[in-house]
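Notes to accompany the following structure.
Chain lettering (A, B, C and D) follows the sequence in which the chains are written, and residue indices restart at 1 in each chain.
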Amino acid sequence: MTNSVELRQKLVAAVLQVVESHAEELTSLDQAIGDGDHGINMKRGFEAVAADAASLTAKPWPEFLKAVGMTLVMKVGGASGPLFGTLFMTLGKELPLEPSQDDLVKAFRAAIVAVQGRGKAEPGQKTMLDVLIPVAEQLEGGNRDLDALAAKGHAAAEATKPIKAIRGRASFLGDRSIGHMDPGARSSALLIEAVAGVLKEVA
Amino acid sequence: MKKLINAVDTVLSETLDGFAAAHADIVELGEERKFLRRKALKKGKVALISGGGSGHEPLHGGFVGHGMLDAACPGQVFTSPTPDQMLAAAQAVDTGGGVLFIVKNYEGDVMNFAMAAEMAGDMIGSPIATIITDDDVAVETSTYSTGRRGVAGTMIVERLVGAAAEQGQDINALQAYGKAVNARTRSMGVALTSCTVPAAGKPTFTLADNEMEMGVGIHGEPGRRRVKLASADDIAAEMMGAITGDLAPKPGQQAVLLVNGFGGTPSMELYIMCNAARKILAGQKVLVARCLVGSYVTSLEMAGCSLTLALVEDGDLALWDSPVHTAALRWKM
Amino acid sequence: MKKLINAVDTVLSETLDGFAAAHADIVELGEERKFLRRKALKKGKVALISGGGSGHEPLHGGFVGHGMLDAACPGQVFTSPTPDQMLAAAQAVDTGGGVLFIVKNYEGDVMNFAMAAEMAGDMIGSPIATIITDDDVAVETSTYSTGRRGVAGTMIVERLVGAAAEQGQDINALQAYGKAVNARTRSMGVALTSCTVPAAGKPTFTLADNEMEMGVGIHGEPGRRRVKLASADDIAAEMMGAITGDLAPKPGQQAVLLVNGFGGTPSMELYIMCNAARKILAGQKVLVARCLVGSYVTSLEMAGCSLTLALVEDGDLALWDSPVHTAALRWKM
Amino acid sequence: MTNSVELRQKLVAAVLQVVESHAEELTSLDQAIGDGDHGINMKRGFEAVAADAASLTAKPWPEFLKAVGMTLVMKVGGASGPLFGTLFMTLGKELPLEPSQDDLVKAFRAAIVAVQGRGKAEPGQKTMLDVLIPVAEQLEGGNRDLDALAAKGHAAAEATKPIKAIRGRASFLGDRSIGHMDPGARSSALLIEAVAGVLKEVA
């Protein structure tokens, strides 16, 4: 198995790659039911993370994740900045120096709870939570297959289409938000797939 | 995308540089362009800080100066600014009286300002308080949703609270006053065309040649419904109907009327809308005590406008009329 | 045609009604809406009257008030007003000091104001004098042609002469001063889109998605040439190049810079152009003593902007800074 | 022959009709090389004349023509208002109460001279003068055939196409004004045709 610095480098690279290659798609999704900046925001944030990769990945897991979260908070802006920032920062706060799989599953749930606290949203309101929570539940249910995890994320993102948005800018659309995939759900699924891909590769 | 720009990536920085140079008598640009601040601070005065995504100019940077804001934090186009910006601004303009954030009700803005307030800790010695503006009646409120958006009425809150701050009111009084002004201010908008976020490169939405978006937000977010283009009188009637339906002004009530262009609509059309709105208000015996017509809270080059009505109470008009000197609003100085 | 209007025939009258109502503290609408006049006149002061086709708002009505114009005569959209309007305005605002017409150099405007001056006869007791503004460098001058157009620089003439009139200068001095200011003021514009005269119902011209009209006038008249859209810096370089090439400012020369939006261009882009123009001027060691950025002399909803440079001499800046209170330009009152 | 009040009424009606039915065309011509208002301007002016027809046509020829000119001056605006206004006012000033054909020819020339004085233009500069002057010359040359007069006007308007404009808004176009008919030349030809038509009818 790769050493953990290398693993963090791979994760940073993979996440940047997926966000950059899907930035336009995310922006298009946000143009349909938001304000058309989600891809631009995510790209700006993960580019900042990647620009700082050398110093960030040298830190141990908790510090690395907290720093990634803080970078996202300070660079992404919009709604997704504080939310993804909170997700990563909380992961960092919750994880021990040498996390086990169980630690990861627990920390992921804690991070989601923090995101809910920050955004005051519930599942079923057409947000990133509608991907994060089903994925957490599958993990908690004991299925830790990485492909299945990625698949779950994408299926959950797909499943935001029929939902009427209650939170986020899409909520201003009311019924007209129905039929469109939530941009933050899509980006969450992409991030999960990217992370799963790296973990699978090094497993 | 047809814009007078050099590159998509430098739109914001060049705008800020141009703005700071043009108004160097009143404002200064903070380090790394994190904020625009008032040049001359007043010791002990509560510092008013606002901010939000760019693309709404002159909001908020155009309202930095005597009688309005002490600093404004510009986010990327249509993207709320980040907490480091509010923190840097607060450090720069806090003179001991406390810091009051004026935040438009969007989840992004609310969360980023909230994180800044939480992170402030020891960095800012003074207390921090927040006013959230949510004047857009186009959004139907519901306990589950995010609530109404903060739109053009925000500038009325900034003006009145700014004037009160100048007179030395303390942070609690200002926060209470700002909330009260927000509570009696309502807006609604209509778009005739879309706008193009520079980094996106294509219009946020599309409208057919005979369509308009009624109840549009200031980011080109959709509103109540997409309908056929109507006459100025009919559009004003729907917008004012929603506003006064919600505010329920009594006959004889005084108000400030703001007819706000979204960026691509010329002055003539705004005055036609002003004329239409005033006729409606006259019919309801609402007295327009002050009237502003111009592009103050915009959505890039979107064509369209919003109407805002702010009911005024004792003392409001004196504050409104008190000296103000900002790039976009100036009188008596 | 997508506009916030009720009917093509009432565009002008409703605009004027809305304008007069919104600014009732400063202006009054004359009978049959022939002119907009300043509410409070100053006995013996030279009366400044301007006017021209509508569609350039806030020019000229937005500049009626203390420190600028005494009256403005609005013509139909892009059509010069008629002599009866100037005569009625002159009768209303002449207080014995004489009447000075400020006229943009278009044959229509020049002829209509000239006819008014000829017809004045016994109707107006005081002398009448005229200043013609012709600041548009896009038009190559030639002895046979009409000469240069009067564009955005006109507002600088109106401001400075208005300030001088307020200080009690006589009509001959004001006429000479206005001509001198005009002679050291130059402008040039660019259009990214056309505009639609309401009564015509379709755009005056068409530009492809990647084209701009360099040297455009303020009625959507073509300029020097139609070219590919360029960067803000390149556009500013061509426009400023033409302006300074003509004015030949010396290093250390002070100037007023006006970055003027044509109606459909938002604030961000104007500040980017301002930034670009200032860099060029800094390179030539021209000192921007005062800077205005906004949509002051428009062409309906046309997207684009003009740059104006007015070289200043002793006393100009003091006049510029003196109190002004109009709908569109206001300070120190 | 019709009495002169009736003739004036017919002239007013004919002129209004031709201007109204060609307003869009005149505006289009002005959109190509001007500011797109010539048809609108002419229509506004001649509608005002027609609205006042009862009182105007009751006046004798000199007063009638002066009043028509003054109405045009006060209603048309733009460049064409003072110019057509001056044309009609000068005709009124020059004509005797019972004008002969010779009087008309002379007055027409005087009116053109006044228009030249007002607009400081010369023939060959792509303006209404390029129709008015050739028509005057044909009349002065002795050809008083009304159809030939109308034809001359239209041919002269057509002949403005290759001219590079030196006066009027079209001059701002420089070489790009070449190839387009001058709007004021076209409206002049139309007015001449309308007047000729009425005169022929009552002849």
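Quick notes on this one:
As a working rule, contacts are C-beta pairs under 8 Å (C-beta built on N, C-alpha and C of every residue); 3 or more make two chains touch, one makes a residue touch a chain.
Chains and their UniProt names: A, D = Dihydroxyacetone kinase subunit DhaL; B, C = Dihydroxyacetone kinase subunit DhaK.
Note that the structure is predicted; figures quoted are calculated from it, not measured.
Separating the centre of subunit A from that of subunit C, both taken as means of CA atoms, is a distance of 54 Å. In this assembly, the C-alpha centroid of subunit B lies 54 Å from the C-alpha centroid of subunit D. Rounded to whole angstrom units, the spacing between the C-alpha centres of subunit B and subunit C is 29.
For the pair subunit A and subunit D, the distance between mean C-alpha positions equals 74 Å. Taken as a graph of touching chains, this assembly forms an open line, each chain in contact only with its neighbours along the path. Counting only pairs that meet the touch rule, the chains in contact are A-B, B-C, C-D. Remark: subunit B residues 2-7, 11, 14-19, 21-23, 54-55, 57-58, 62, 190, 192-193, 209, 212, 229, 231-233, 235, 259, 263-276, 278, 288, 291-293, 295, 298, 300-301, 303-305, 325, 330-333 touch subunit C in the complex.
Residues of subunit A that touch subunit B in their complex: 27, 31, 34-37, 40-41, 44, 73-83, 85, 118-119, 125, 166-169, 171-174, 176.
Within the complex formed with subunit A, the subunit B residues making contact are 53, 75-84, 106-108, 111-112, 114-115, 138-140, 142, 144-146, 149, 197, 199-200, 202, 204-205, 217, 219-223.
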